[in-house]
Amino acid sequence: MATVSDAPKASFRLSMLIYDTRYRSITIQVVVLLLFMAGAAWLVDNTVRNLAALGKDFSFGFLWNRAGYDINQMLVQYSNDSTHGRAMLIGLLNTLLVAFMSCVAATVLGVIIGVLRLSPNWIIGRLTTVYVEMFRNIPVLLWILVAYAVFTEVLPAPNAFRGDNPTASMILFDSVALTNRYTAIPDPMFARSLGNIDVGLFLVSLDLVAIIAVITGSVLVNRKILASATAVQNATGVRPVTWWKSILVLVAPVVLLLLALGFHAERPVLRGFNFTGGLDVSNSLMALWLGLTLYTAAFIAEIVRAGIGAVSRGQTEAAFALGLRPNRTMSLVILPQALRVIVPPLISQYLNITKNSSLAIAVGYMDLRGTLGGITLNQTGRELECVLLMMLIYLTISLLISGAMNVYNNSVKLKER
Amino acid sequence: ATLDDVKARGELNCGVNTGLVGFAAPDANGNWSGFDVAICKAVAAAVLGDASKVKYVPTTGQTRFTALASGEVDILSRNTTWTFSRDADLKFTFIGVNYYDGQGFMVNKSLGVTSAKELDGATVCIQTGTTTELNLADFFKTNNMTYSPVTIETNAEGEQQFLAGACDAYTTDASGLAATRAAFANPDDYVILPEIISKEPLGPLVRHGDDQWADITRWAMNALIAAEEYGVTSANIEELSKGTENPEINRLLGAGEDNLGAMIGLEKDWAKKAIIGAGGNYGEIFAATIGESTPIGLARGLNAQWTQGGLLYTPPFR
Amino acid sequence: MSDPQFAREIDRSHMQVSDEIAIQITNMNKWFGSFHVLRDINLTVMRGERIVIAGPSGSGKSTLIRCINRLEEHQSGRIIVDGTELTSDLKNIDKVRSEVGMVFQHFNLFPHLTILENLTLAPIWVRKVPKREAEETAMYFLEKVKIPEQALKYPGQLSGGQQQRVAIARSLCMKPRIMLFDEPTSALDPEMIKEVLDTMIGLAEEGMTMICVTHEMGFAQAVANRVIFMDQGQIVEQNEPYEFFNNPKSERTKLFLSQILGH
Amino acid sequence: MSDTHAQTVAYVRETMLPQATPPVSEVGAIKWLRENLFSGVLNTILTLVGIAAVIWVVQAALPWFLHGVWRANSLSECRQIIAESWGEGAHGACWAVIRERWNQFLFGFYPRDLYWRPVLALALLFVALAPILFAELPRKLIWASALYPAVAYILLWGGSLWVPISVMAGFGVGWLGLAIARRTGLPLLAPLAAVLLPLLWWLLLAGPAAGMLERAVPLWVQEVRSDKFGGFVLSITIGVAAIVLSLPLGVVLALGRRSDMLLVKALSVGFIEFIRGVPLITLLFTASLLLNYFLPPGTNFDIILRVIIMVTLFAAAYIAEVIRGGLAALPRGQYEAADSLGLDYWKSMQLIVLPQALKISIPGIVSTFIGLFKDTTLVIFVGLLDPLKGITDAVRAAIEWKGVYWEPFIFVGAIFFIFNFGMSRYSMYLERKLKRDHR
Amino acid sequence: MSDPQFAREIDRSHMQVSDEIAIQITNMNKWFGSFHVLRDINLTVMRGERIVIAGPSGSGKSTLIRCINRLEEHQSGRIIVDGTELTSDLKNIDKVRSEVGMVFQHFNLFPHLTILENLTLAPIWVRKVPKREAEETAMYFLEKVKIPEQALKYPGQLSGGQQQRVAIARSLCMKPRIMLFDEPTSALDPEMIKEVLDTMIGLAEEGMTMICVTHEMGFAQAVANRVIFMDQGQIVEQNEPYEFFNNPKSERTKLFLSQILGH
């Protein structure tokens, strides 16, 4: 057996760029990079030339110009004297508002329907199936339009509330008026208000801050109570009853604070053309919210059903065999496992809600697309800047949401061999 | 150049309203007609010799400018107000005014409102992306009143909201209001308030930077107006184009020696084609689409020829 | 016929049967819809007995033992476990379930909890044992099944045999007086079967009352004091193991044994 | 066997018991009711609530449906008829609008005498899909399927037959280039030729060639312009075109995302995440507003085509994720076996990996298509006449139908439902079948 | 000790070892990340040799033979197969792969292709053999592994043993000069193992150079001319089979053999 001598020192040949695994991938990547850059350069060059031909430039200066238009639904102050940039902020907040409201409502509704779908009750089973199939298979745009039509066509106009013989009346002890323009609800007011502070971008109500602070405090204290209950349980085996403490801690401080601030609700009253005094929640928001909620709840229901179904029957049986009661089995065994299956697709539904909220355009709700990508774009003629900025903002929101999802996924990943 | 593109394509892309009866609206078969549509037809007839070679692109208040800027349409003929910033900042060339208008309000009679000044606190339906949106803000501000806007995309939506009572008043160009009201089941239940709160000179527009195309479209429109001034109608145009005593008419119709068409890269009888294609002179079009004998019932008012005390005054064909 | 696996001397000193009744089933019937799965079951199990149930697939073995801790409901007849009759009364069911441990074919460990948490979950929440104490018990039983070092791992990180031993330990942590096993080894690779059977033998040696559905005949012979043969929802034959295997009476039993042992 | 068997009574059953009928509580309607509707307090409440809900809906909607009028020329006529036959104040549907305008909901403004063309195109689509979905059919039929896009184009848009022919010829050119370049044996030349030659053909020669051929041998089919498209013809055209075109792109992106090459992977991930992170509407706006900025000055093409391009990119990102799932589901052993047989990357992809991965992905592709099909309603926002809002608005713009809301929504919704429900059932069936086949 | 399975007379007439080198591995090292899997491997295989590699799980056996056709890349040292050195040069890799056949534990047949297509795929696309010819070769090898009648079925329709024989035939269709086997029988039921081993013996009898990772000691004794024992990434011992089994030198080998043969 002859031994082999050292490997011959291979000198570099050009063909190695293609045939040598070490260089091959670099070669390919360089080619791809060149192609990519050429493509990008081509696009940029076209854009520059087109802009030049149109006599336009590329600048975001318009964001600091006076907007000049009004918006009917806003979370922070805005008037037609504000800038386009601020109009964009209003739109962004409106997007986030409707997305958030829809996420919450769709989750609640979806979970209820998903759980009901598992029920052995025949009627409920059929009804929820019909619900899910109906909403899943028909475009969300239709549901939004239907909701909007229901609001505008079926509900009375504000002046129907007028007169000695009004054809419509307010509900909930004359505090809420459902009209075909908006839902007027009582406005929370504080007799001894703490005032506002200006944080630059917008005013912050100190009352709100105080309330949030107190609630946060209560929640923290409640956690302490629960933790100490667990400690007692660990020590003695018996879990002390805590629910009344929890309720007390969670409710009492807030109530006291509200009393101290002189909280009262100002009811909407019909004055002139419209209700004044209360808060008006515009129907475009309601319709969008309802449409997105009903549509997405169908998907969430399926996710919940699949999630609970994914926990094998054996798990329930094992828990029962150990003597655990059904509610404990649910909270200690089924839910923790089902949640791992449920949460990731649930979060992608949240992402879908956020993206679908751009259908606000169909009902005239002034979301990001309506302000930045709508009126601002139109009044300034900056379609390139506006659309790019809008995409960037949506992309950022999406990435934040999916980032949250990844964090969650990693934290609950089941350990395996 | 746009002219070459249009010729190569064999078809004119014309941006119009998504549906405003009398100005631009499709019938059940998708055939468009109306006062603004006539301009499209005139241009198509002048350039391509066939008034039917038009692709109508419905645009909303919001999408119209981008449709024009992006080249999706060659000309925008859609009750668009000529303003400084649209001309200078958005970089469009308005080729003239085909309708002198102003912004008004329409309300339900039962409200008992007789003046726009009584609209404090009202909910107002408004088409987004329009000058009327900005005027409205100014009007309420100067009069120290508040309002709540309901923004809508298209006239059809505005109509729907207004009829359902989702807004107290509907505001847009007075002509648009008239057209909208004409299409209601009971037009008499609604009034258009007397105040006109702005100037809205409406006209077709093209992109900056192609003067030849601007000339063609401008003079195609002027031809319609001039035809009325000189008494050229669809009834007598064949007759007159054989040559008349009036050199101005001869130049217009290409009946004489002068070949104005050649100067803008068109055939000699381009204007004749435009007038025939559009369905007659300005006055005929007006009467047939939005005039007093139509349900819309607009009077000529400011839009009469200068000779009749109106503002229509076309530069000479010379 | 005797399996070399159990050649080791099994300590039978604790394995005597007392004359106290642990489980008494009388004229019990069960239907799934209109399908009659269990027919007129009569069975008395004394404290300390080790019973093996055998029978062809679908004969109702699993259903029978699942009736004993009311994972299935029976429709007629009586089941009395440790003096408590199983009716739809929830208190009785709870009582019985905390007395009876059950080990499943597919272990059914809770994958989101560590081994230790799996073991302490029921003692803490059902028996209301302080956590510290529950953990001590858990470690004691983990030692017993010889995997104390895995306490902090998750079930997914263990081999099948280890998982089944954890499942047994989990049941034991509730200090049950009766253990039910439903084919505890049939989902395991051959090497792992032995670990689990050894654990079960250990239990038997300590005098636990056990009912075990299994086809491990070696185990049956070494440990059981009675073998019950079921077919079509009925108890067809029961006998002590030696007799059962060497001298089956009914035709069905003979047929079954020839198949089982022939392979 | 030393221990005591005091209690062990040997027992042998002599006679087997027969099946007994279960107690009444176990069978029949009573059991069914008890188990399914009234098995507890909560369940009983749910049942009652459910029944109440059903009654409420029926009570609210049924008269409206029953009073429906099918023959009338306008909404007011409908109302009049309803008032006459059901009394003043009765509500009823005016189905007459559907009867009158159904063709617009389905075909937009497509010329009436040419309705057979989109219908035939749709029918042929199923024929073309058959060889892909049913492995039993002869493989050769795939070639017929490959011709489908050209046929569909001609059927839908008409115009010169030479246009699609010369576009298809591009593939022929690519194939020819590949074959010749292979002969030369030069590395990299083959893939380059396969990509560049067709591109050159399409960009430079296809148009003139089609024009010349048309002049020489006119093969002209009556043309239907894009602005005549609307309704479900538009939706289906966009949906099908986008899903078909997105498949190859999706495959490339999925392979890119799984590549070891950092740059390739980063680009694929970036593209996919970008597209999935923004609403489809913004992409449609890009199609209608920005595409002309990005393309060389003077290029301008049909808005439907631009929308199809954007929707294709959109679908490709989703398809890529579906296919990535399919690729991940393939055991590593398949890749290794291909490697050890000496197949190179592309061959092992083409022959081993993709055929299997695509098959696994079909249910996912169908779901993507359902989503996409629903999303085609968004094209209204760039001015195309989608069936839902576009056509409905157009119909409502007519004076006689002003004020109809629910009927068009119900009609369009029902059609969407039938399509999508059918497809989702089909994809579930496929999923089950794939599981059964365990590949 | 000799397994009755191989009691039949094995024809060793072709099994002589030539003095031509088939594979030469010198000072080869491989790491997975920072884990040193293969340490200083030196191995020379002559044409016609039948080598069996044994060793505990995780000792690097699979990794070693996967290095030989570059399914894994080595980081230092040299591997020369049939005169071609395995470097990062793709041409060499292609060359080696078409000379070396490999059979996997899990067969890795292509489930979407018929048996015949599985067999002709590589010859057609890699060797560029005309289809007709490839199919003839394929049928020849299918006869050889005794399942010609299955040619038109899909892998999913075959038993494990048949699938493994197809996998062997698939490698043979590329007319390799060397065959690598990675535990070819360990995923099979006992009855099927024999079919596959018989096929492999057939190959050995025809003088194929083979390297086989296996724990089938009967096979090793009957067929191998050298047994290599690996542990912790190193070759610990190598010897001719008789010596290896009856007279192991190192402690580890002894321990290993006692486990393997004891079970």
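As written, the chains take the letters A, B, C, D and E, and residue 1 is the first residue of each chain.
Criterion: a residue touches a chain if its C-beta (ideal position, glycine included) is under 8 Å from a C-beta of that chain, and two chains touch if they have at least 3 such contacts.
The chain lineup, named per UniProt: C, E = Glutamate/aspartate ABC transporter ATP-binding protein BztD.
It should be emphasised that the depicted structure is a prediction, and the values quoted were computed from it without experimental measurement.
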Tell me which chains count as touching both chain A and chain C. D
Partner chains that chain A and chain E have in common: D
Chain centres computed over CA atoms; the one at greatest distance from chain D is chain C
With centres defined by CA atoms only, which chain is the most remote from chain A? E
Taking mean C-alpha coords per chain and comparing to the overall C-alpha mean, nearest is chain D
Could you quickly compare A-B and B-D and let me know which has more C-beta contacts? A-B
Cα superposition angle of chain C on its copy chain E, in degrees to the nearest 5: 155
Counting only Cα atoms for the centres, state how far chain B is from chain E in Å. 84
At what distance in angstrom does the C-alpha mean of chain D lie from that of chain C? 53
Just the number, please: Cα centre separation of chain D and chain E in whole Å. 48
Just how far, in Å, is the C-alpha centre of chain E from the one of chain C? 46
Would you mind listing the residues of chain A that make contact with two or more other chains? 18-19, 53, 153, 361, 383
Quick one: which residues in chain D touch 2 or more of the other chains? 289-290, 292-293
Among the residues of chain E, which ones contact at least 2 other chains? none
Chain pairs satisfying touch are A-B, A-C, A-D, A-E, B-D, C-D, D-E
Hey, which residues of chain E end up touching chain A in the complex? 21, 24, 26, 44, 73, 78, 80, 85, 87-91, 93
Residues of chain B that touch chain A when the two form their complex: 61-62, 65-66, 69-70, 89-91, 111, 119-123, 128-129, 133-134, 136-137, 141, 147-153, 157, 160-161, 164-168, 207-209
Taking the touch rule as given, give the residues of chain C at its contact with chain A in the complex, in rising order. 69, 71, 94, 97-98, 100-102, 104, 106, 108-112, 121-122, 124-133, 153-154, 156-158, 167, 170-171, 174
For the complex, give me every residue of chain D touching chain C. 1-13, 16-17, 19-23, 25-27
Per the touch rule above, chain B residues touching chain D in the complex are 5, 11, 18-19, 21, 25-30, 55-60, 63, 66-67, 70-72, 154, 156-157, 159-160, 163, 183-185
